[in-house]
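Both of the next two complexes hold chain A, though its partner changes from chain B to chain C.
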Partner chain A sequence: MSEEQRQPRFLLPMVVACMLASAAAAQTPADPLGDRGRWADMQRQFYQGGEIIFDPRVRIEVPANAEDAMNVPVAVDARALAGEQIDRIVVVADYNPILKVLEFEPTAVAPYLAFRMKVQQSTPIRAGVRLRDGRWLVGSAVVSSQGGGCTAPSAGRGVAGWERTLNTVSAKQFSSSAGNRLRFSVLHPMDTGLANGIPAFFIDELSIRDGEGRTVARIWPAEPVSENPVFTLELAGIQRVTQIEGRDNNGNKVLGTLR
Partner chain B sequence: MQRKTLSMLVAAALAGVSMAAAAGPVTDEMILNDAKSTGDVLTFGMGTNGQRYSTLSKINTGNVKKLVPAWAFQFGGEKQRGQESQPVIHDGKIFVTASYSRMYAVDAKTGKELWQYDHRLPEGIMPCCDVVNRGAALYDNLVIFGTLDAQLVALDQNTGKVVWKEKIDEFSAGYSYTAAPLVVKGLVITGVSGGEFGIVGRLDARDAKTGKIVWTRPVVEGHMGYLNGKENGITGETNASWPGDTWKTGGSSTWLGATYDAKTNLVYVGTGNPAPWNSHTRPGDNLYSCSTVAINPDTGKIVWHYQNTPNDGWDYDGVNEFVTFDMKGADGKTVRAGGKADRNGFFFVNDAESGKLLNAFPFVDKVTWASKIDLESGRPVYDDANRPGNPGADKQGKTVFSAPSFLGGKNQQQIAYSPDTGLFYVPANEWGMDIWNEPISYKKGAAFLGAGFNIKPLFEDYIGALRAFDPKTGKKVWEVKNNAPLWGGAMTTKGGLVFYGTPEGHLKALDAKSGKELWSFQTGSGVVAPPVSWEQDGEQYIAVVSGWGGAVPLWGGDVAKRVNYLNQGGALWVFKLAN
Partner chain C sequence: MQRLRSLLPAAVLLASGALQAPPALAMELDIREVGPGTWALIGRTEDLSPQNGGNIANAGFIATPEGVVVIDTSASRTLGEAWRAAIEARTKGRIVRVYNTHLHPDHILGNQAFPAEALATLPPTRQSIQEVGEAFNDNLYRMVGEAMKGTNVVVPRQLAQAGTTEFGGHRIRVMAMQGHSAADLVVFDETTGTLFTGDLVFFDRAPTTPHADLARWRESLDTLAALPFKRMVPGHGPVLDDRRGIDMTRRWIDWLERTFTEAAQAGLDMNELLARPLPAEWASLPLAASEYRRSVAHLYPAIERRVLSATVSQ
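Moving on to the complex of A and B:
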């Protein structure tokens, strides 16, 4: 087939693709981070189905410069959305090789979650809060990093017998005038699958239950959550958490009980 | 008229179920019909009785030379070790396991990967004989396989996500898992690997949908079985055939899995060598090591056993599969029988209902440990001079030369049976060994052998030989020799063909009646896995996994020079007739 014959076949799909792209762009407001991120890709993959609003009430606290790319502390705080009907919160990182960081469903707790994650290079972190009416309220922050956090083996891999302590839960509940706070950790390598010869191995489901066995929050971590993850939740009206239950992608169970 | 149309439609629908690929969840009925259904391969053995016989004849002796690759799928990674897996095929998807506890789902038409599951293994796993896996089982919407750290994992066939996971046993005590599970009556049935570490062999049955344990049956005398969490009787009689505490670390691992025959409602499992290898530490028959054990899946109890090598002293690890078939006796009556090509060099034919020995004959040219199997008593006639000596207080007992070697007249490579020819096709190996005993004491998780050995080929021109035997007469009908030891299973078809692979990398098709080679293809690495066949869109396909490895390169001794030039790999090859 000659070049002349081929050309017209190309043109039409390209025109259509351009029209679609501009149509999609029209629905989405401009990314406050401008060209520092790749918002259009994130929106297409993770924030579908409703109006997008960049909302300063969705705060992401990150250090401006991440000293340890394997352990970047992140706090997603949407408590300023008091009164909104929150369904779930989806956290992603634009320039990580694995984009999704975690999902969080604050069923009966405050819309606040602090954790640590791995970053591969400097990247925006996004938190999209999906409301029950389908709208997405999105907050963004940029973390600068030397990088490399996602393709390094977990530190625990070198320790013989990691499987004996796998999924061990440590948890504590704190009370203050501001309310009750839960902090817990789970021993797990959280391997991304990107380090040579080490398969992806990570906790992918956690449920937090209160004294009456009700699920008050759920977390679906993904590979970028740091090794031996630590989570902090604000319990709002929940008096006492008694159980943390979940599993990893190999089906190993997580079960921690608070006395 | 209308009625006729309707009944024709129903007939067509029924034919569709039995002949072509049935979509949707895998049921018990589909599993029991697997040997007949052509559109899928739901079980290890192409039918629970393990005949490895395909009723398809579109590929046959007349046109097999036109067989060409349809596509190949690479396992990739740096983990290219022995690939002993048999693919299972359902609903347009091929599920194939690979070394280091990996599983792939591949589109059967195109070879496109649908998903991949890499099990995270701890550093301390103790597989004795390469990091292999032999395949998966299908049930409901699940694909179930075992891992080297002795876990059983059930994945969603469509997504590859873990649905349930259960621990078979402690890998740190030497347990491992390499066989393909068997599903019978909604139960997923698994054995254990780890016979070189003093573990105790057993079969476990779990609810295939949930992984919840239903029964467990140890195959070493003295150990308690359980059913629904309650004691279900001790296996055998404590100390009847094991002195002192030797039964507590008695080995007899069930590492090659089990077969099932719906006509007898029995699960047949081959049991491994007693531990340690030094037989002088455990005088007695050491039941039920080196045996075929028949278990009722409804009760978890042993119905019969037949011991192939009582008081084994050579690692004649009799895990070999018991393949049931109809055999016409001299009186013209058909009996349901089972054939087993044992590690110890004899081919055994037992009544599948009662276990009674019907025939036994050597399938290798040289056997030193016994002169014959006495058909009256059912026991071997030992040559006592050829049992390795008792070391006593010395460092080493008397060395003897034994054939077959401990790698066996046949090892993990599966036999096939054709109801058309009435012949068993046995991938056999001719080799011997110098073997001697050493003093030994048990330490949890440490190798428990008490023996040393050196393997030697018996003949200059070959070790492996694919042989066809008549189970009634013991007559060797034909053989095809192979320089390197055969380590891949056989398959036979209604097309009059026998397919098998070689360590040299060839997948071959022979005439099932004459053994004449009709077709061969170089897969690029050694074949140590059994081929399968199925039909889709009206065409017959053949698939085999290629990837050299297994026990031979690890334990090979003087055999090594025949195999040490072979390169590793890891691929699934699919073939069909050229258009």
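Moving on to the complex of A and C:
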């Protein structure tokens, strides 16, 4: 359902962006990563329509060195923005062949998302938090890698019968003094389309629902999200997640109901 | 125990075509006589670096009147050539068999320096070297640099079979195990009581786990512990005459599995696990911090999936 709903949200900022382009460009502060990334290109493609603020409250955790380029753990943590009206979070990687990593809408959960991704080489990872007033609060981190994660075929492709487990959801909710946390995985090859002879095949939409059927968070993964993705969400005030629903770009359904 | 050191021969320097020797070429190989006619090359208990030229893994050879049996070839053409020169300086015998204990590049990228027809390994290892050998070679070039120059992957032609053979007055038992990798070849010289464990055993250096299966690794350690060995050449670390290497390796993999399982049960994400400090128990073990971090990447995904799967419903 979300494609229709998302469209206007994307169009409006683009229109506004065109009108404000010169003003916005003049206001954009210098990228804290300097020449280690290509911020101007990232901004042009993904972070349009409002003032850009590089904000240390938007934290990205990555290991300094990626042991496995196919599975680089990334945690985007914008919980320090408590009180801000967050619309969505857009994560990109400057030097990946496919730049966008995912979008996340923390409708009713905390602005925190951990996952794993593929990197093709050492690259900055950016998380832009779009506020309802149009501003982008941006956090960055650099991951160093020997590379090759995006153009290698998924490991599961070599295992007979992967189709039978496609889109199987596993999930568990954890409670601690820090609050409720949801971790879930979906079995999927998440093919980037860059490995020879294997077309792009990836989960592109996930909705997380609570006991009343309300959508409390949505994730739009892109190709760089790792095979058999695992997501960690902080549920804030949500007591119980009961359903994870979505689909891949071939229209296969993802559906998991938690006991 | 006699301890000898050999400088890399000048011929190697010339053969490399380098006008100025990179650091690795000036390095000494640590080669020791560990038993009757039996020698070990002891690599440094370090990570791969330009300074050590990739010389981080152990190797060995058994000299018999009917020829020489070599176990592993080190990490590069240069190191392989130096290792072979060191063997030939110590025995006149022909090299008749060269075993690759497992697929990892620090043990096999010296293959090029040895007679191609003598190279042998277990079938899964041969297949792995075929499939990922070039990627390993590229990776080592990135980590070690100039000292890898001229190194090509050589896939062993012979398939090694488990079993005991009488050879030149030695009863040599080849064992096919698993756990550090999908196929770990162990050589036990029953005659001298010398056990070459490959990377099933580490000592004084944190074990590596990129292709590990911890349950199978434990079984292999049990098998090794039951062998009547007098001395052991581990894959990394000093030669031992007791089970300390087996015990340390087991403690490490048990600790990894326990730590990762508890973390998965507590719902930790990978970055949270990476941020944890090492317990005091491992503080003084070389490479413990970096191998712990690498092992999180290797082992945590499967362990966390087990925890998540336990509560799934569709």
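We take it that the second predicted complex is superposed on the first by the 234 of 259 C-alpha atoms of A that agree within 3 Å, B and C clash if a C-alpha of one lies under 4 Å from a C-alpha of the other, contacts with A are read in each partner's own complex, and residues count from 1 in each chain.
Keep in mind that, in the parts below, a contact is a pair of C-beta atoms (placed from the backbone, for glycine too) under 8 Å apart; a residue touches a chain by one contact, two chains touch by 3 or more.
Everything quoted here is computed from the prediction, not taken from an experiment.
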Three-chain arrangement built on chain A, chain B and chain C clash or fit: fit
Which of chain B and chain C A:181 touches, first, second, both or neither: second
Contacts of A:163 with chain B and chain C, given as first, second, both or neither: first
Which superposed partner A:122 touches (first chain B, second chain C, both, neither): neither
Superposed model, chain A: greater residue contact from chain B or chain C: C
Partner chain in contact with A:196 - chain B first, chain C second, else both or neither: first
Which superposed partner A:251 touches (first chain B, second chain C, both, neither): first
Contacts of A:207 with chain B and chain C, given as first, second, both or neither: neither
Partner chain(s) touched by A:75 [first = chain B, second = chain C, both, neither]: second
Per-pair minimum CA distance [chain C against chain B, superposed on A] in Å: 19
Doubly contacted residues of chain A, that is, touched by chain B and again by chain C: none
Contacting residues of chain A [partner chain C, same complex]: 61-63, 66-68, 71, 73-75, 114, 116, 146, 148, 168-172, 174, 176, 181, 183-185, 228, 230, 232, 255-259
Residue ranges of chain C in contact with chain A within the complex: 135, 139, 142, 266-267, 269-272, 274-275, 293-294, 296-298, 301, 304-305, 307-314
Chain B partner contacts - residues on chain A that touch it in the complex: 160-163, 189, 191, 193, 196-201, 247, 249-252
Residues of chain B that touch chain A when the two form their complex: 77-79, 102, 118-120, 122-124, 149, 151, 153, 161-165
